[in-house]
Each structure stands twice: as C-alpha cells, then as structure tokens.
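In the part that follows, the structures are each spelled out as structure tokens.
The following pair of complexes shares a single chain, chain A, combined with chain B in the former and chain C in the latter.
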Partner chain A sequence: MSLIRVSTTLNSLRQSSLRLSTVISRWKSTEAAESIEIPNRIHRSPTAILEALASTVGRDPTAPHYKYHDDPYMVPNSNMTKRTYAMAQESGRKAAKWIKENNRELFMHSEAEPPIAAFAPEMVFTEESEVSEQTLKDLIQQCEITDAVFVYNLMKTKGIEIDDALKQSLLELVCFYNNSEPISEEFIEERWFKQGAANRDRLSKSWKDGDLAEQLFNELPKTAQSYSALIRGMCKYYQVERAYALFHESIEKQIELDTKTFNSLLLVSSFIKESGEMRWEFCVDLLRQMKERQLRPDIGTLNAALKTISTIGHHKLCRTGAIKVLSEFKAIGIEPSLGSYCYVLNIFCREKGPTSHVLVDILNEIQGKEFQIQDIRDTSFFVTAMEICRNHLHDKNLAKKLNELLHTGKNYDLIGDSYKESVYYRHYFGLLCRTEELETFMETYNHLVPNIYIPEPGIMEEILKAVEVNGALELIPRLWTDMTVFEHVNRESLVLQVLKIMQENKPMLNLEKHQGLNEQFAKIADNIYHKIADQDPIKVQKLSFSGQMLGDIISLLVRGAENQKAIDVFKFAEDHQHSIPGTPNESVLLELVDACIEEKSPSVAISCLQYSVENNMNGLQLADKIKKGFTLNENHLAKVNHLVNEK
Partner chain B sequence: MILSRFSLNKGLRAFGGFSSSVRNVRAFSDDKDKEQKLNTEGETKDNNIIPKPGKKKFKKAAPVKKEGNIEEAIEDVANLIQQKGGPKKEKVQAELLSKLLGHINATGEQKAPEMNLSDLISGMKVEAEAKKPQSFRGQYVRKTMEGMKKAVESRPRYQNQNRRDMKAHPNTGSVNLFGDKGLNLFQESILKDVPSLCPTWDYLEKRDLKIAVTHPPANYFEEMILWTEQGKLWKFPINNEQDWDSEANVDFSEHVFLDQHLEGWCPTKGPVRHFMELVCVGLSKNPFVTAQEKKDHILWYQNYFEDKKELLEKLIIDVSESKPKQLDC
Partner chain C sequence: MLRKLLSTPTLTTINQRCIATTAVNLKVQSGRYRITPKKDKPLTYEMANPPHFIAHRKSWNSWNTSTIDGGLRPSETAIEDIFIRRFMIGTWHSLLGAEVIIKRQHNMVRVALIIRQAISPRKVYFLIGYCEELLSYWLQCPVKLEIQTIGDRKDVVFKYI
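And now, the complex of A and B:
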C-alpha cells in the first residue's frame, strides 16, 4: 500500500513538473507579462520527511507489533507474553544503560565528531565538580531534578552567585515534580505498560511540606512568578489549603497571577468546597476574578471547570453548568479538547443516572477531526466513550463511529497506554459480541485478534455464549485453539462452558459446515482431559475434575467414536469417585454402555452399571441395555441381576 | 430503523428457543420413566435453536407468541403440575415459574432503553442468556411464593421511582452542547494576552504531554524519528556539518582563501612566499581544522620567520650568490 502511495506521489510530482514546463514554454512563446510566483521555502523540521514516510505505513493486523522480534518463535500469543516480551526488551535496554553508567571509563572515547551526548555516560556531579550557572540551566532543561538540586546546593556552598531568574526556573522545576525524579523519558515501553497502574493512586496529598520548593520561595523576592509556581505546585500535589491561602495572600498583596495558576486552583476546587452548589459558585467566582483581571482563559481553564462540574452530584446542576461553560468558552473561541468531552461524558452519563445520548452529539461535532494532545485527560476520552457505548447506550453503530474517529489521522496516539487500549477493545468487543450478527462479529474478531487485541477470559465467555445462541458450533474448534494459545484454558469457568456447549449441542451432520465436528469435539475433550489429568502436581492453582465435566468428556469421546478413550476416562472417574465431586449424568452412562457394546467389552459395561447403582442412579435402563446388547455369561448375568435387584 | 433480515431471524431464533423451552418444561413435568421422550424433545430443541433462515413455520409462529401467550403457557404448565402432583411439587412449580417469568422479564426489561427494533430483538437474545436476570428471577420467584400481593406492590414503586427520575432530568435526548447563553463573563474584546509567568513550568508541562502521546514506535520510520529526537541520528536533510556549532557562523571563504593572512608580513616573492603559499593551499583543503586554527597556524609561521629573519636573510644571500639562476625561477 505504501509503495502505491509513494508512486502516486511521484506521479503527481512528475505531472506538476510537466505542468511547470508547459507553463514555461507558453511563457516563452507568448512572452506575455505572466508572472510566476515562486512560493516561499517551507522550513521543515528534521523529522518531517520521516513523519511523511511513517504516515504511509498503516497498521498491519496480520503482523505482530513492530517492537517484537520478527521471528515466529518470538511472536507473542497472549496478553501475558505480549507484556513479558516487551518488558524483556526494555530490561535489556536498562541493563545496557546500567553497564554504561557503571563502567564509565570504557565509554569515554568519542567516535563521532561532534560527540553524541546520548551515547556518552551521564555526567556525575561530585563536591569537586566545576559548576556554573550554565550547568544548572542545562540540567533544568533536561529535567534532571536530582542533579539540578545537587548542583544548586554545591553552588551555594561554593558561594557562586545565582541570579533570581535561574532560581525561579529551579523553583518551577522542583514544584512541577514535587522534588522527586520522574520516570525516565527514555523507557517508552515501561511507561506504555505502567501508566494504567500508576495513575490510580494520585488523589491524595503528596506535596512535600517545608521542602526545597518552599525554601526557594522564601529566598526569592515575592513576585507573581514565585507565587504562581508555588501555587501551581501545591495544587498539583493536592496541598489544597495552603495553595488557597497563598492565593488569598497574593490577592491581598495585589499580585497579578496568570491564567494557568487560576486553572490549577480551579482543578482542585472540589477539594476546597464540600457541596456541589458551593463548588459551582466557587468555580464561577474564580472565572469572574479572571475576567476582572482581563486574563484570557485557555483550554486548561475549560477542562478544569468541567472537571469541577463533574464532581458535583446534582444531575441537573452539573448538566446545565457544563453546557453553560461550554457555550461560554465557545463564544471566545476556545474549542473543547477530547479531555473536555471526556468530562462531559462523565457529567451526562452517570452509572445510576438516566440514559443520555450526549455521545451522539459529541461524535457529530468531532467526526473526522484530528486531535493534538492539549490536556493529559485527552487520553481518557476513547476508553470512556467506548465504555459508555457498551454499558450505557448499547449502541454498536455509535461504537463503530467512535472507532473510526480513533483511526482518523494521528488520533490513535491519544489512546493512552496499553491498559487503556485493552479496556477500549474489551468494551468494543463486548458490545459487538452482544449486538452484531455473529458472522460480522467474527470478521472483526479475525481482523483484530490476536495482534491488536487478545480477548480477556470475560470476553471469551461472551463470545462462547454468542456462539451457543447462534448454534455456530463450527466455530468451537477455532475458538478452543485460540483459547489454548491465549492461555485461557486454566480458567475453570471457560473450560466448563466449552464442554457444556459441545455436549449439549449436537452437531447437525446434514449441515456441511458441521461435518467432522464430532471428531474434533472428541479431540478437544481428550485435550481437556489430559490437560487436567496431567497437571503438574506442584502447580498452585490447579484445575480439578467434577463428575459433570468427566461425563461431558466421556459423552463427547463416544460421539467422536473414540470409544477406547471414553472407557479410559470412565475408568479414571471410577477410580477417583471419592475425590471427584458429582457424577456423570445417567444419559452419559447410557451412551457409554452403547460404546461398550460396540467394543464388545461387557465387563466395562457392568462396572458402569455398578457405578451408577453405587451413586444412587436408577440402573434399570442400563441393565436392560446391557442385557439386550451382550450375550452375557452366567457370571456377568448374575452380577447384573444382583446389582439391579439390590436396588 | 435497520430491520434487516438477519436481525429478524435472530429474534425468531430467540423465540424459537423459548417455545422449545416451554415444550421442554412439559416433558420435564412428566414422570421420570418417560425419559426417552425427554431425549427426543431435547433433540427437537436443538433443531429449533438453529432454524433455517426463511422457514415459514417460524415467521408465522413468532408474532403469535407474545407475552399473553406465554402467560397462558405458564398457566397451562402450572395446571399440569397441579394434576400430576408429585413429592416436590412446590419446588418444581417454583423452578418453572422462575424460568418462564425470567424470560418475560428479560423481554420486558429490554423494551425501555432500546432505540430500534433490531437492537431490541438482539438485546432480547442476549439478556435471556445473561446471568443478571438469574438473580432477578430468584427474587421474583421468592415474591411469587410469598404472595403475589407484595410483588404487585413492589413493581409500581419501582416504576414510580423511575418516573420521578425522568421528571427531574428531562433532557435525555439530543444535547445541544453549545446552545446556552453561557455565563456572560468573558468578552473577546477586553481580554488581553498575558505571557505566562512560569516558562519553565510550561515547558515541563508540554514535555509531559508529549511523553503521554509517545508510544512504542510502530515502524522503522517512527523509530528513526525517535532516534533523531534523541540526537542519535543525522537530521534530515543530511548536513555533514551538523552540530558544528563553533563553525556555524564561519564563512567558507575563511577556510579556503587564506592568502589574506600573508599580507603585511610575507615577502611578495622568494622562497618564503613560495613556502607559505603551499601552506595556504594545504590548509585550504583540510576539512578537519577550524578556520581559527588555520589562521593560528599561519600566524605561527609568521612568528617563526620573524625569529629566524637574520638567519634566513643570510642563507638566501649565500644561496643567491652561489646559484643566482635558481632563485630567479
């Protein structure tokens, strides 16, 4: 596909050069005063050409992700392996970095001129290091907060003068990261798998009171800049009371704060005010103060206001409030970002509230648009919206529209991380599985599984249900293969479900697509039997047999003409009947006796009868069958009669 | 809206399955020695679940089987149990009722939130399979067993509650997101653009946002972009003077035309001139040293010749006396 696109680009280039030459020739011939406007040079970034090339490469669902080794043995098949392989690579990178840092002397040579900083070991600062303002400036630029703080302290002890602008810059850095090292930018893979877990425990106060930030603030003159930085930092790490106190202090001192500082206060207004109405009033009041200072609000203001509104419990108040705020910002030319829409969804679609179709309106508004990230919340939009499609609206068409939006332009970047991505697809699959025709659903399944998404056990259960309802038994072998590959076969509920579907729904042999299913089902049953019987005894979470399960296995084996195997399984059940809860159904035993008749093994048939009698079943039918099916010798006959009469 | 043939069929299937379960219930209520019959019934059930699309029998059957009919069927079955009796009469009755009423609930429940018929029908199928109604069934049966009165009471209350909710929030339909007057706070005209007070903070914030959308590269080009940004690759367009910041503002002429540095001290002719011109040519072709270094190199020779001036003059005279012709060349 990319080749075609490149060649069309080349073609169009050729055409335009042709056009140019005709223009020139016409100009020459007529010598008219047609002027040619030479366009100005467009300055492109160093990566522009790479971006253009990358945009021609689509996601190939038949291939594993680019990050995995291009080797059949290294292709991950389950969610576990996907994560493990990627993290293995990442830890390789980390190990290399560790070696580089711990054996600095081996890497001091510089092959390249000028030297490439990324390949050199990092600078290590000690008490003796030569430091200057420039060093500190560079460290702040690189977000090396620990080093920056060390250098700052070193400069202080050495008595090197630091000007206030640089101190302010350091204050901002310390406030932004709360004086703790952020996750390295370098380890993209780790972040991709980690963020979902890391983002959850953020809502408590984590600001370091009395730490470096406040010391810096006290050293600096009390300007709007230092107030802004400290208020922003305190709001970010939920030291709300002191941030609010500082805000009042700055107002008293008539210090003019800026938009972003107001935004950060708006963001935490739900911590400042208790009740919903008070929050709303506080929010409006802050906006009014911004207006009085003639501050231009930005997208952050809108999102902060919407976030506050989304914490209000009162349905009506928050709905009208949200629409008011959206309209207000639209009027001054601030378009909502995806994050804003995410808050709107939170406001309108509450779990126990009435159904709202606001997502329809949102999608109508943003269909086909490409988004850039403007707010960290933007990455939550797609997963939230898909969840609403599934649980709130049950609307597959809407879900498809949303999916289309996700695949518009570079919107896929806003999916968030691996956790959000898999939740997104989980909801998408769950919804399609319930609402789509099974055939159409399977098309999507074939398209996305396993390279883009691997269904979790819960979704697999839904798919199996849909298969059963639609009687599409021919899909069972395929799904079982997938489940084996995805490592779902340790889930007892799934194994039971597969067995139940296979046992209760007999393939219709007059249908072409059901041909040979009995044999395949028998194979699956045999597979399940061996999986459970041959489990590693050391394993902690083991699957265990139940009578029902064994019954299903026996009946499937009999139907698949694997009589001997069925008899083996029955013997197993008989041997372990005290450790296995429940018994196979009587109808299964009848089927087994039929198999015994076919195999001409009366002794098994009689032990079958014995088993049924011992387990309080009515053995009459079995006995009848045995008597009719075999010509029994006296011993056997006596035993049968004995067993039946005992009852 | 989209009442396709498929979705209709699906609905019919759901009904088909249901009718068979009614029949199955009858079989179940019979004595246990009629198990042979049960088996055959079970088989017909399987057949019913997967009807061939377009079988007329089902098209006819489906619309008749509305709720009223279902209730009749329930009564029918209940009567049957009444007649047959049996030791676990009550339990069987409860199970049957739960099974059947569960279906009714599942179908009834679906109607409210769904939008169109196809969704309704497909939703019905799923609900009938889902676990959730099970608990509902259990509740319902318990209520039935305790007495119908309570069940009747609880149902309208539930509905009332719903109605109250609906009244409180009337705009459940289309939402005009920007259809309000707003708060009448900001006016475009009076707003002024104030530069941010914390440039470092804003830089860090931007960096964080960029990191949030930097995902593992999906192809080689993206990986190259990443490496370019990390400074590990040549930037496009390729420039082999990349990162030579010290030489960025030095013109090529200063590298190539070095004769200017000879003026003022070097003789216009003679061996020293000859030598120095060779030095200049050599240096002008050397890409590995900076212009300043080249200049310094030449000036070093200036000092050198300055120091050795007397010696040189003597030597040149000596040579010119012995071989005057050679020098002239």
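And now, the complex of A and C:
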C-alpha cells in the first residue's frame, strides 16, 4: 500500500520538477524491477499486541508494585504491610465470592452475551440434581475435584452407567489432587505468599490410603493408563512403598508404563532406598528398564535423576554420577532446565565440601537466554544460585551476572514466590554489602529499596556494620528513617547498634558531609528515648533500657547541644536505677557535668556525682570538674567533699 | 407515540393523558446550591460549579465509551450508575469525600472515589477487593476501583456558601 503511494508521489514529482529527474529516474528503475510481495499472514494470539506492548515496559523500581494503590496512605512500607495489604484485598474478594455463593438467586442474571461462567454462581449439586455423563465430563474438564467426586457418587447411587474412559479421567484427576481441593487459581496473592510455607512441610506421606482413587483403580480394567495414574499419584503424595509395589505388579503383568511414571518413581527414589549407593543403583536400574522398553527420557527424567544424585551423601560418587548423567542427556539432545542446574549446584556446592566454581560455567552457558518453566524446581534456581554466590563463592561479579540473567526477558517469572524472592534479595544484599564499596552498594540500595525489596533486620545489621567500618556516618540518619518505616525499631539489637555507632564515632566537623550530624544524632537519640520510655504498657514485647543505652543517649544529646533533654534523661536514669541493669560510663557522666556547667545547674552535677559514687565509680574526676566549673556555695561544697571523702 | 397522540386529540386520548410519569426537569434548581445565612455550607469543586459549566470548568461524573465495537456492555447506563453510586455510598459508609466518578471504557468499568483516611489501609484494601469482585459479579465485566485518600473532610472543600 505505502509502496504504491510512494511510487505515485514520485511520478507526480517527476512531472512537476526537472531538478529531481535524475534522482527519480534511479528510483523508477528499481521500482520497475520490484514487484509487490504480500507477506504471508503471521498468526498471532489475541493477546499478542498486549504482550508486545508489555515487553516495552519493565518493573519500575520507583513505584510500588501495581497491585497496591498509588496513594501515599495505601503504599505499603514494610514487609509486613506488603503482605497484609495484598492479602486483605484478596480476602475482600473472597468475601464477595462468599456473598455470591450464599445468595445465588440474586446473581443469576446474564448481562454478558455470550454468558461468562466466571461471573455466575457455581453450580451446586444436591442429591436431587439431574446428572449425566456429560456433567461429570465437564466437571473433570474444569478440574472441579469436589464436585466431580460428588457427581460420581451420585451417579453411582442412581445407577447410571459410567464408561471406563470417563472413570480413567476421573482417576487421573483424583490422583493429581489427592482428592482434596487445591487453592483456587483465582487467588494469586494467597499462592504468592503461601507457597514458601507449603513447600516446607510437604515431604511427608499425605496420600489418602483406601480412598476413591484406589476404588476407581480396582473398578477399572488393569491398563497402563490406570497403573500410571495411580503410581504417579502415590509418588506425588509420598506413598512410596505401595507405588513401588504397584510398579512391580505392573512389570509382572507386562504392562507398558510411560516415561512420566518412571520419572515419578525416580523422584522418590530417596524414599525407597536407604543408602546412597543403593539409590544410585536403583536409579540406574530404572533408567535401564526405560531403555529396554524403548521409552524416550525427557527433561523430567533428567531432573529426577539429578535429584536422586543430589540426595547421595558420598561426594565423589555423586559428582561423577552427575557428570555422567548430564553428558548422556546432552548426547540425546535434552537441554537441562533451570531446575537441573539447581540440582547440579546442590550436588557440587556443599556446605562442608570443597569450593566448586560450577556456577561460573553454568552462567557462561545460559547467559542471555530466556527460560520457561519446565519443572517445579526451576523456581528454586535463582535463590539457590544467589545463596551460593554469597556463602560459597563470595563473588559479587557472579552475583551481578546472575541478577542480569534474572532480569533477562521473562526470567523474572521464575523467581518463585514472595519467600524465595526475599531470600534471593537477602543473599544479594548480604553479599554486596560485604564485598562492594559502600557508595556503589548504596546505589543498589537506593534502586531496590523499598519498592522491590525491604531489608530484613539481619541485613540492616550488616549494612550498619559496613557504614561503621567505612565511617560513613552521614548515612545513619537516612538508615534510621528507613528502619523506622520498615518497623525495625522494636529490635533491641538494632537500636543498640545504631546508638553504639553514633556514640563511638564522633562526626568529623571539618568534613562537609558531616555538618550538622551532631544535631541529627541528638534527634535520633531523643527519638529512641521517647520510643522506649513512652511504650504502651500493655504491649507484650517491650523494649527495655539498659544503663549503657541511657549513657549513649545522654552523651549524644549533650553533643547535639540538647543539654536540658540530656539532664531529663539522666534524671530518668537516676529515678529508675534499681530497675535498669548497668550504668552509663563515667566518661558519659563527665560529658554531662560539662553540660551542667554550661546550664549552670550545680544541683544536677552533684546528683550526677552522687549517682557515680553510689554505683561504685571513682568520683574524684567528677568532683574536680564540679569544683572547677562552679562557684559552689557552702552546702554544695560540703556535699561534694562528703561524697568524695566517703569513698 | 406521544407526538401521534398529541396530534389527534380525541376524547379517549385526553383521558389517557392525565398522569405524567416523567420526572420534572427542574432545570433552574438542579445541581445548584442555595447560599446559607451563615455562609458555612461546604462545597466541593464539583458542587461549586453548576451544570452549565460541565465540559468547561468541570467534567462529567459518568463516562461511557462502552458502546464502541466490541464493548458489549448493556445499555442501561443510568440504572447501572445509580446502582453503583448507592453501592459505593453504602459500602464506604461516611467515608466518601466527593462524588463517585464512573468511567466505562470498552468492556470494563472504572470507579473513582475520594475517601477519608478514617479506617486503616488494611480495611481499605479489603473493601477494594470486595467492591471490585462483587460489582464485577453484578455488572458482569471487570470493575476497577481508583482510590485517592484525604486526611480531612476539609481537604476537598472548595468554598463555603
């Protein structure tokens, strides 16, 4: 179309302008030679345009995730609020769903044409419902496990015949979900926040023995499909002995099982065999049987074999085994997925084993590639690899390379869930904080905090350490603000650390960036003091003062020229000296006496001396200072002398 | 129909014309507010501008572009509007700071609200989830809430009359 338009424009140009004639004639000659070729239509999905548009924008680290509402009041500031807000919204959605299901008659209207099933109330099946094979088929199609089982039982009591193909698909469904309802796919937040917890307690037998799955299996003719379904279900929910027995039974009956069933058995080999060598033998034996049956292994086989190897304790055996397996699968053209690499890392980088640089090779191999999920374990790769960067190799460049891979294409989808994401960044930050220069580290910090990652208290501690080592005191006020926002200030260790850093490192006032720090530190100290002193008495986990802490606060207040506040804090310490463990240092008391001299309040200075004497400190220095600093009246002088001589 | 009846005023039609069911227009009064003796009645920007300023100084409270090709929304816009507004007023009880703005775009409805910060953000999120889901069941299209919060009712007051 545009070509034609161009040619007509050119033609008219040629007629009107002689000057252009040479240029045009060259154009014209090419035009004559070219014929318009209409390219073949490229079939695209309905969402192709949206995907193309989406690929032009990435995650904006300056804004909170788009699931949160963009309003200062509703932007989450801490890990806790991030979780709470997302879950609260989802729980609202659940409430609406509940209302819909409980008032079905109100939601039976049909506005949309064609009707959208997702907006209508779910079908409710009762004893009187009219059911047919089609109903059951539809329910199985929609993976409605509870309803499907109910309808199946209903059909049985009504005496409706069910053919074997349908029973088989019901068996598969029941085996897949272990006859219990999974978390609905609608509730993405619940899945995002829950998965970490769910994975941790999954390793015990949860198969429902003697349940519907086995009844269905007994009713069905013994085919490869029915055996496969049951064995896979049992393996998935760790009923391994019976799965293995069934496997033997099927071999005796000469039933040909498929690759996926072999894979599922391989996956649980660590439950079937006790020792490492036996597992390896078992694994090799299964692979051999697959070969005999001329089954083509797939990525699942590779991952299952690697998983078995990763459970073997013997170093040498598992390393050689892993290399053998990888090379053999490479020879038959099966590319490892991220999950396979994750197992490889588990095999080569053991906590007490020798250092292995296998991750470097892996990253060189897969850099710049985009991955799609092939195995559930794929989502563990990034977090495992980052942990190895931090704890095994201590290599920041490798970590950056890994981070780059994570942000290639759609690879971020493979981060797993909220738990894995935060562990990933925890390791990333922990590593950078130790190895990177503070300035460059702070760039990363500014980039990712708080919208993408909020440091946990442990990481905050590391950052504070780095700040102290580098003497970058100017960062303390900023970090303190962050800690307040992230709700870290009720951690005693962190509060103590901040106070200690501020007290022990005096700002160098000749540096420009340290200007005004004393005042800011005094503000922070005052803030901490009030935070602890004005705590809600009902609160369970309360912070408590120690003498050391109060000393730090006093000295910071004095340095920040907040003498009156310092005196107030001292009075507090004096009043509560029996309930507060420890005392402020003598050097702090000396600073305080200086402040008293400035404020011209000898009585406080003397009570300071009294406090020090009562707490078994050498008061001579203090007394000297008091005598020099004030012109004392007789009463005061007598008291000072009395206190010192008593000693 | 009406015109046809008017053009042929027979006796029977006059009998049938006795009850007017159309709401009175009240063009002079509607959308305008009376000045109070103490001049202490708060008005938002939207209230402060009478209807003839729509599209000049202020915009519509309800938008509809769902009738374009593929939009496939039912045409009962006014009834739907009233439903949504009442639903919002009831659900966000005593929290709304200004008029509810309803924007129908293609096959989805966006509802914009200004609410007071009188309940915790967690509860706000709960209500957002609840409203979006329930309204989308009712209207059978995706519904999105766009919320802004104000610290004080006075933040939205434009002037007192």
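Keep this in mind: the second predicted complex is superposed on the first by the 609 of 647 C-alpha atoms of A that agree within 3 Å, B and C clash if a C-alpha of one lies under 4 Å from a C-alpha of the other, contacts with A are read in each partner's own complex, and residues count from 1 in each chain.
In the analysis below, a residue touches a chain if its C-beta (ideal position, glycine included) is under 8 Å from a C-beta of that chain, and two chains touch if they have at least 3 such contacts.
No experiment lies behind these values; they were computed from the predicted model shown.
Novice: Quick one: chain B and chain C on chain A, clash or fit?
Specialist: Fit - chain B and chain C, as placed by superposing on chain A, sit side by side.
Novice: Would you check which partner chain A:456 touches, where first means chain B only, second means chain C only, and both and neither mean what they say?
Specialist: neither
Novice: Scan A:599 for contacts with chain B and chain C and give back first, second, both or neither.
Specialist: The answer is neither, since A:599 touches no partner chain.
Novice: Applying the touch criterion given at the start, work out whether A:232 contacts chain B, chain C, both or neither, answering first, second, both or neither.
Specialist: first
Novice: Based on the superposed arrangement, let me know which partner A:57 touches: chain B (first), chain C (second), both, or neither?
Specialist: In the superposed model, A:57 contacts chain B only, not chain C.
Novice: Taking the superposition on A as described, I'd like to know which of chain B and chain C A:119 touches: first, second, both or neither.
Specialist: In the superposition, A:119 contacts both chain B and chain C.
Novice: Applying the document's definition of touch, where does A:260 land relative to chain B and chain C: first, second, both, or neither?
Specialist: first
Novice: Tell me the contact category for A:85 with respect to chain B and chain C: first, second, both or neither.
Specialist: A:85: touches chain C, not chain B.
Novice: If you take every C-alpha pair with one atom in chain B and one in chain C, what is the shortest distance in Å after superposing?
Specialist: 5
Novice: Overlap of the chain B and chain C footprints on chain A, residue-wise?
Specialist: The answer is residues 86, 116, 119 of chain A.
Novice: Report the residues of chain B in contact with chain A in the complex, numbered from low to high.
Specialist: Spelled out, the residues of chain B in touch with chain A are 6-7, 10, 13-14, 17, 32, 35, 39, 43, 46-47, 49-50, 113-115, 119, 122-123, 125-126, 129, 165-166, 168-169, 171-188, 190-202, 204-205, 207-226, 228-232, 235-237, 243-245.
Novice: Can you tell me which positions in chain C touch chain A when the two form their complex?
Specialist: 72-74, 117, 121-134, 136-141, 146-149
Novice: Using the touch definition from the top, list the residues of chain A that touch chain B in their complex.
Specialist: The touching residues are 46-51, 53-54, 57, 59, 65-67, 86, 114, 116-119, 140, 143, 168-169, 172-173, 175-177, 185-186, 188-189, 191-192, 224-225, 228-229, 232, 256-261, 284, 287-288, 290-291, 294-297, 315-316, 319-320, 323-333, 344, 348, 353-358, 360-362, 365, 373-376, 379, 394-395, 413-415, 417, 434-435, 437, 465-466, 468-471, 505-506, 508, 587, 618, 621.
Novice: So in the complex, which bits of chain A are touching chain C?
Specialist: Those in contact with chain C are residues 69, 71-74, 76, 81, 84-86, 88-97, 99-100, 107, 109-113, 116, 119.
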